[in-house]
């Protein structure tokens, strides 16, 4: 099989592959708002190792769509292409409340060591410095879903106008929009939550799982060229270091070709820095 | 809810909107970039509506513009923004940070259950336990209950009964039967849960025609219908037209330049500067520009071009 | 207007007219199972004094149908003729739970003086002599609806095989399927019920309303040729006698013509005795 | 509920029915005289299923036949009968009076709310207070709760989660996507609330065809589909065919003549006396008689004739 133009891959594509691999065949999968990268991953899983998975086209609630391209807004009806039936949105939320949603993808403006996510505000409720858009359905579905995959394309530590380093991955979030593996005092069982919470994290630098003892993120694989030090520098907390940190298993050429077919408009690249996107990884 | 048994629901935009009282709880239809009742929203701003409370799921320019126009005091939505494409909602963000708008951030599932409670005539709905988040700090009205059957803990969420659902749909007949094409988002629920509903439609058709195509919403749930072709612009109304991404880009750009710029260059122009919806349509490009938005169904290439056009 | 064949009316037609008159214009009206007579009444009201009423075609849940005939089973799709939209059945139940259902029609195998209805069983739970079909939605909707009209085509006192007189209208029912104006100990307010319960009764002999003080059925009008004594003989309790018992206001020729147009198959006549149907009332 | 992700759902009648375990809670689709899964029911009887518990609304010949066939032990329906036309359900009545079937009479609204509880993953649903009736004596599981928000009293109804929904529908594809034409009765809710669903259909169509006509129920809610044209006979399956009133009249007449007569002249003939659904269809008149039932749409006169024919 000759696959044109697939002699390299880029960070968005590597992330999509890593995210796709968190899906098991037969999983029920939902993804809501602001979705190019997770949707690329879901479509990829569906077209490779997880053909019996079940997923809905975001808030449009079409079943197993096969869109010719991924739109810049997840509210666009191209996400209903070949979907059948088109459900009512509440049918998916009900399914999640029944404990039948296997996996969902969540990101966060802040992400703490336990996988708690903040998409609500920076600052405090009394003094909001940045009002973020909100968590959509992540606050409640995060309590119900069997597991969720955390993803972030901003695993970095920008320097603010005041000269401070501002992390996405922080010791603790300003506001818990979506609960992770535990709060500071109680784990999910103690909280009485139905779902299992986050079990894996895919960033632009690396992938984590969680240390079963402490529920803290555990560094598992490094993307090509990334060092442990680089991860630690860009992480506002001290992650657990796995005994065997390896390089992130590379994508296959077929996976990369599929990704480019799934998302010909490259909407999955939105939000990445130009320099990150310009870096080409060889197979 | 509310039984609107009159068989003459056709109304002018200004008269329909004049019925919405300041301080109302409103459920705005559509979702993110899709089928939001933008023409009604612009009229609400023109009429100086204020102190309202919105309840809903993931929205975008509708809630942001309602904030900018001074209509909303409380926003109980699960998301207000422009996704990865254009980022944060500038007016919403600014007004929240200036404490002019009170954020009551909620969750899509909570909205569903709280509207359901109203539809079922109940003071609350139970829900599988939600805890561990600060969303609960914003919602002291949630109560934890021990289930008398299983002993498990459940969250109780009080009913939310909007005073008005504000919806854009495809067709109605003069009685107010509404034809809505999927995706429905939470619109059917919003109409059922609300005391009153204003529905703007692309086209009012005869009762006979509606009988043929089959209604989605029964007329007695609808207070008033207003015929406003392209009434969702700049959001989409599939299958009729896609969204005007270029207009939204301009919107966000102006909004990011601050309150004064946005007022002068957007509100004064597109909201206060027009006397009617028709004038608005002329201003955003008129027939040719709007016709272009209907061409998404000419094929993938055209659709891609419309959505991806270089800004 | 010349109305063919309408120089007389029969008992089923008189009852349909009386039942129709319990509907106010603009009322929301539902009627479920076993419905020929109530449906005749509802259609008649809709086509005469209550054109702005809202009603659903029974369990098929079509809005404001205009069927060319009334079928022998209320599950038949002729009841969806010209209905638009066809709703989900639960939308009507929800409306009732919201307190927005103005009127519904209920009958009973036994009916007591307070309007309690029995459609569940004759005998006791431990010793069921006759298992009746059940109350469909009447048990709960009877708690919620603003008001309901009781109707019965069996206002009589048949003599059983054991020589006992068996009443439909009884002092107290064997089993309360649907609660009336009150139980023996508590009225509806004391029970905490949302709806107002029955406010009128239409039988093959007469019509009742309820005495506001005692909540007992109060004889209001007598059908042509029926005497107070005949009503009392066929009623197993002592009804209140209104100060002004009058003859039931006759139908108009137009009403009768409409009824025959609405129900050309005469399904409304099912269940009446032959002798009752043969009796012709002049205008 | 239950996620059935397999994409090959097509199954023989006997194999599909063999999966239903004795003692199951079953939700039977359709309503009164309409779209009841009669072919599945006959197969359940042939396979000697027993000790089951039905939950549902207003039904007729389906529940009556399940009683006669010894399948049901408990009937939690809101109505079982033949309306004014043919009166009481003779087998149901007889078996209840003989204490062979336990009546758990319920209400249409209760069924709705108890199935909803299962759909929403909840142990119960609250409902506006119901009291003053003896239906409550049959349902000690209802609990009265004081609302923590309003102080009003509410009835709590525990979830009912059927093990199997048993449905007759119009079309499916091989994956199990189902097309159902209105009226839906409570079928969509029953499928969503049940752990498993068997759906017999008039016709299995290709996935491409189903994409064109648009499914009503997603395939993952369906355990097995069985192609059984006229599978609802003697009940109707509009728009395909009306009900066989003549057959129902015969049914009720035989059932009213007592257990032995019904067993010998109905069950032995129409249920045990046939090896397949096709044989049953031959027995009830074959092609010509069934074709006749499809002619309701030739006009009012024909429709009247079919429904009103002199028995």
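To keep things simple, chains are lettered A, B, C and D as they appear, and every chain counts its residues starting from 1.
Keep this in mind: a contact is a pair of C-beta atoms (placed from the backbone, for glycine too) under 8 Å apart; a residue touches a chain by one contact, two chains touch by 3 or more.
Nothing here was measured: the structure is a model prediction, and the numbers come from that model.
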Seminar exercise, completed: Per the touch rule, with chain A out of the picture the rest is one piece
Seminar exercise, completed: Top of the farthest list for chain D, CA-centroid basis, is A
Problem set entry | Euclidean distance of C-alpha centroids - chain B vs chain C, Å | 44
Exercise. Using the average of all C-alpha atoms in each chain as its centre, how far is it in Å between chain A and chain B?
Worked result: 28
Exercise. Cα centroid separation between chain B and chain D, in whole Å?
Worked result: 40
Seminar exercise, completed: Residue numbers in chain D touching two or more further chains are 120-122, 127-128, 152
Seminar exercise, completed: By the touch definition above, chain A meets two or more other chains at residues 86, 97, 99, 144
Problem set entry | Interchain contacts (touch definition) - all pairs | A-B, A-D, B-C, B-D, C-D
For this session: Please give the residue numbers of chain C that touch chain D in the complex, ascending.
Result: 32-36, 59-62, 68-69, 71-78, 80, 86, 88-90, 93, 96-97, 99, 120-121, 125, 128-144, 175-179, 183, 186, 188, 191-194, 264-265, 267, 270-271
For this session: Spell out the residues on chain D that touch chain A in their complex, using ranges where they run on.
Result: 1-3, 5-7, 118-122, 177, 192, 210-211, 214-218, 220
For this session: Could you please specify the touching residues of chain A with respect to chain D in the complex?
Result: 26, 28, 52-54, 63, 82, 84-87, 91, 94-95, 97-100, 144
For this session: Within their complex, state which residues of chain D touch chain B.
Result: 120-128, 143, 145, 147-150, 152, 154, 156, 158
Exercise. If you look only at chain B, which of its residues touch chain A in the complex?
Worked result: 30-34, 57-58, 60, 77-85, 88-89, 92-93, 96-97, 103, 105-110, 112, 127-135, 137-138, 152-153, 182-186, 188-189, 235-236, 238-239, 242-243, 245, 300, 303-304, 307-308
